[in-house]
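Each of the two complexes below includes chain A, the first together with chain B, the second together with chain C.
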Partner chain A sequence: MEHLPILVVAVPLFVAFAIPLIDKVGGGRYAKEGVTVGSLLFSLIGMILLLKRVAALGPQVYVFGAALPTLTLPTGMKVPIRIMFEVDGMSAFMALSGSIAALAAAIYSIAYLKDETGKDRFYVLFLLLVVGMLGMELTGDIFNFFVFLEISSIASAALVAFRYYKAESIEAAIKYMVVGSLSALFVLIAVGFLYGKYDALNFAAIAKRMEFSWADKIALALLVVSLALKCGAVPLHMWLPDAYAEAPASVTALLVSVSQASLYGLFRVCFSLFGVKMSTLTVGWIVIIFGVLSMFIGVTMALVQKEIKRLMAFHAISQTGYMLLGVGVGLAVLGNPFDLKSYGLMAMKGGIFHIINHAMYKGLLFLTAGAVFYRAGTRDLNKLGGLAHNMPWTTVYFIIGAAAIAGLPPFNGFASKLMIYESVYKFNPILSIMAMIVSVLTLASFVKIFQSAFLGPQLPEYKDIKEAPMSMLVGMGILAFVVVFFGLFPELIVRTIVDPAAKALVDQASYISKVMGGM
Partner chain B sequence: MPFVVVGVMLALGLYAILFSKNLIKIAIGLSIVESAVNLFLITLGYVKGAVAPIYTMAPAGKKMVLPTPQALTLTAIVIGLATTAMLLSLIVMAYKHYGTLDIRELRRLRG
Partner chain C sequence: MTLLYTGQGFWDPIAWLFGTAFASILVYWIWSKGRGDYKKGTEQVKPFLCGNPEPGKSEIHVRASNIYWGFVEALKGYYEPLIGMHTGELSDYVGWFIGGLALLTFVILVV
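Presenting the complex of A and B:
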């Protein structure tokens, strides 16, 4: 059981490189799809077990190459010199959310890509993307974080360009590649600053000795900007709508979770690496401003879009704003125990709960958009219409996703948005009101998609189209089930997974002492 | 002194990425930034008058330079190779589609 943290990453990685071999020796028609889904299922089950272990025993570490996987400090040493994974409530939460989305997207891909070529390479890259995402979320070493960040950005750029015969895909992939590698290089410069100062690469070891001098401030600025860039916060969002709209739908559903891994990195850096030693009020406000700008600009840009996936991509930016807002409020009051207790923790829980909710319903919406594209052959809202007659299941899934993103009860978006409104109101009423306005605008634009794509009379050119194939329905079904389940039992979810995640972020001391021993 | 070189290279690379209109030049700019970062890492671990960090071959009593930044740099170089290869292959594809490398022409995705 103590090997779980590495197994959830290593198994997909191994399978990724085994796929070309399996494809070479034959092995049946659906061999590569089968092993992909199998390994992702393994990761998901592993994550659930790991989450239970973390809940019962506190943060888990896995040290590579040590005599014992839990031996963080080599004998006679005061600093950890080996690379390690450190899994606390927050990491486990993020990785769980990511692995659910990955499994649903992989199942969906089976039918969605049936007529495409190069499927073996698609699954290799897909699994590498999952590995990069999970690795970023589980690692306890800042250089290792950079490596996984690069793995995920190279894999995702390649997947955005999967439909290489379309000029738009290539254009989006180039933008994504340049932005992704530039921000990763900034992360590396920050790593250099921190290493030069503290002689350590481990999050906990650096955090323990953190002084917050000028070199640390440069490192913090570089990390915040580059990770905000990677998670698509306004004003650094220009690559995101292109990449999301042009990638195949199943990849887009996964990209939502991958961007959230960068968001996780941002939170980890702010809370666990710097924590109360920096002026949390200032940095908290920077995160809040990123959040509010993203919410507002994302949604206003979405209102004018005519293309279904591009519209949803702008909503992804806007929803990321909610997470930044919720957790940013928590960060702003981190130094003040009273405020933190009265509303800060609640705001963080709302923001963190919104992360998993967003990964589920936005993944679902992108998959329904893909199903529409798969059958109707266009994503232009002006050309679509009356699809509810032919695609009843897709319509139902779309309604679930749209109601969740707009924050209607009893779906999961309602639960987390309510937590954000209530707690942010106590911090600053204006922010809360803005969040509500954005929510109304979100509803407006999804009503527009629903009305123009699904409702209305049956159009003659779409008369003969059929419901989406089985595997796509199953993939969407998994996410729709999670959306409804989370919406019906929000207290259960908050108690079991969200609350430990928020507490893990706040509790910097136990994150450090797990690696460094007694303080 | 090496840090000045790092700063200059960083500035040059960023300038190329932000202001050049040619995709190949942007790729070159990215490579320059990458080299700047690698130089930065390697400089961090430099100890004056020290020997290479090979434990069994270093003469006793001599200082060694830090091995970790070298390992980091090596990893970063490998990653950089992958990024450059990926970016260049995308540029080749873009050239096939658009018939130009001018980024002002690559404007099908807007709004």
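Presenting the complex of A and C:
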């Protein structure tokens, strides 16, 4: 069990490199798909076990190459010198969310990519993307974080260009690659600043020595802007609709979770690396402003879109705004124990709960958009219509996802949004009211998709299309089940995974002491 | 497992489901009391279009571009610059990043 942190990453990584071999020796018709799904199922089960272990024993560390996986400080050393994973409630929460989305997307891909060529490369890149995402969420080392960020960026760009025969896909991939490389470069420069100053790369070791000098401030600015860009916060979001719209639907569903890994990085930097040493009110407000801009501009841009995945992509930006708002309020009052207890922690819980809710319902919505494209052959909402007649299951899944993202009860989006509204109201009522208005506009734009794609009379051009194939329905079904389950039992989810995640972010001392001991 | 404390109040989805089920039954009961003596398959069930022939199915479907046209038209002053910002050009994406970085660095260094 102590090797779980590395196994959940190492198994998909091993399988990624094994797939070309399996393909070479001709391991069977669905061998690639089988081992991919198997490795992701292993990761998901591993993450559930790891989450239980973190809940029972506190943060877990795994030191690479040490005599013992828990030996963070070898004799005579004042700082950790080895790469290590540090898994607390927040990182385990994020990795669990990503693992569920990855498994559903992989199952969906089996039928979705049936007629495509280059599937061996697809599954290699898909697994590398998962490895990059999980690595970013589990690592306790800032340079290692950069390495995993690069792995996920390269795999993402290649997957966006998977349909290389479409000019739009290539264009979106080039944009993603340039913007992603630029942000990763600035992350690396920030790492350089911190390493030059503290002679350490471990989050906890740097946090323990943090002085918040001018060099640290520059590193903070570089990290915040670079990670805000990677998670798609306005006004750094421009690449996201291009990439999300052009990637295959199963990749887009996973890209939502991958973008959230950068969001996690932003939160980890603010809470665990800098913590109360920085001006939490200033940085908290910066995060809140990113959140409000993302919510409002994301949803208003979505309303005028005519392409189903592009519309949903703008909603991904908008929903990220809720997470930034909730956690930003917690950050703004981090230095004020009374306000933090009174409403700050609840706002953070709402924001964090919204992360997993969003990964599930937005993943589901992108998969339904993929099913529409798979059968109707277009993503243009002006050409679609009446699909509910032929695709009843896809329609039901779309309704579940759309109701959840719009914050309609009893789905999961309602619970997390309610937590955000009520707690943010105590911080600043205007922010809360804006969040509610954005929710109304979200409902309006999903009514637009529902009306134009699914409702209306059966159109002659679509009268013969069939329901999506079984594996696609299963992939969508997994996410729809989670959306409904989280919606019906929100207290269970908040108590078991959200509350520990929020407390782990706030408890910087515990994060540091797990690695640095009582030094 | 279901009663969630939300900061200032509580949310119970199971109680909401019971309430919704009760309301649905009530609505169905009221609906069932309505007239059921119309003649199916006759002129009574056709839409009244002032004597004009009923258009084809694809013609009566409201397309995406027509939905919220009025909303977007009314907010033209907001939408024109906003859409104009989204040029789709990579150099602009980089420009926003560099501009944002400069602004944020200034704010963090000064405040």
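Note that the second predicted complex is superposed on the first by the 518 of 519 C-alpha atoms of A that agree within 3 Å, B and C clash if a C-alpha of one lies under 4 Å from a C-alpha of the other, contacts with A are read in each partner's own complex, and residues count from 1 in each chain.
The rule is simple: contacts are C-beta pairs under 8 Å (C-beta built on N, C-alpha and C of every residue); 3 or more make two chains touch, one makes a residue touch a chain.
No experiment lies behind these values; they were computed from the predicted model shown.
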Once both complexes are superposed via chain A, do chain B and chain C end up clashing or fitting?
fit
One more residue to check, A:K277. First (chain B), second (chain C), both or neither?
neither
Thinking of the overlay built on chain A, is A:R121 touched by chain B (first), by chain C (second), by both, or by neither?
neither
Chain B versus chain C as contact partner of A:V178, first or second or both or neither
both
So, A:H389: does it touch chain B (first), chain C (second), both, or neither?
neither
Determine, under the contact definition given at the top, whether A:V304 touches first (chain B), second (chain C), both, or neither.
both
Between chain B (first) and chain C (second), which, if any, makes contact with A:D242: first, second, both or neither?
both
Give me the angle at the C-alpha centre of chain A between the C-alpha centres of chain B and chain C, rounded to the nearest 10 degrees.
120
After lining up the shared chain so the two structures overlap, which partner does A:R209 touch, if you call chain B first and chain C second: first, second, both or neither?
neither
Output check: A:A157 vs chain B and chain C. Expected answer is one of first, second, both, neither. What do you get?
first
Give the label of whichever partner, chain B or chain C, reaches more residues of chain A.
C
Could you grab the smallest C-alpha gap between chain B and chain C in the overlay, to the nearest Å?
5
Common interface residues of chain A - those touching chain B in one complex and chain C in the other
174, 178, 182, 241-242, 301, 304
Residue ranges of chain A touching chain B (in the complex, touch as defined)
143, 147, 150, 154, 157-158, 161, 164, 167-168, 170-174, 177-178, 181-182, 185, 188-189, 191-192, 195-196, 201, 241-242, 245-246, 301, 304-305, 310
So, in the complex, the side of chain B touching chain A is made of residues 17, 23, 26, 30, 33-34, 37, 40-41, 44, 68-69, 72, 75-76, 79, 82-83, 86-87, 90-91, 93-94, 97-98, 106, 108-109, 111
Report the residues of chain C in contact with chain A in the complex, numbered from low to high.
1-9, 11, 13-14, 16-17, 57-58, 60-65, 67-68, 71-72, 75, 78-79, 82-83, 85-86, 88, 90, 92-94, 96-97, 100-101, 104-105, 107-109, 111
Within their complex, state which residues of chain A touch chain C.
174-175, 178-179, 182-183, 186, 214, 217-218, 220-222, 224-225, 228-229, 235-236, 238-239, 241-242, 279, 282-283, 286, 297, 300-301, 303-304, 306, 343, 346-347, 350, 381-382, 384-386, 409-410, 414-415, 418-419, 422-423, 425-426, 444, 447-449, 451-452, 456-460, 487-492, 494
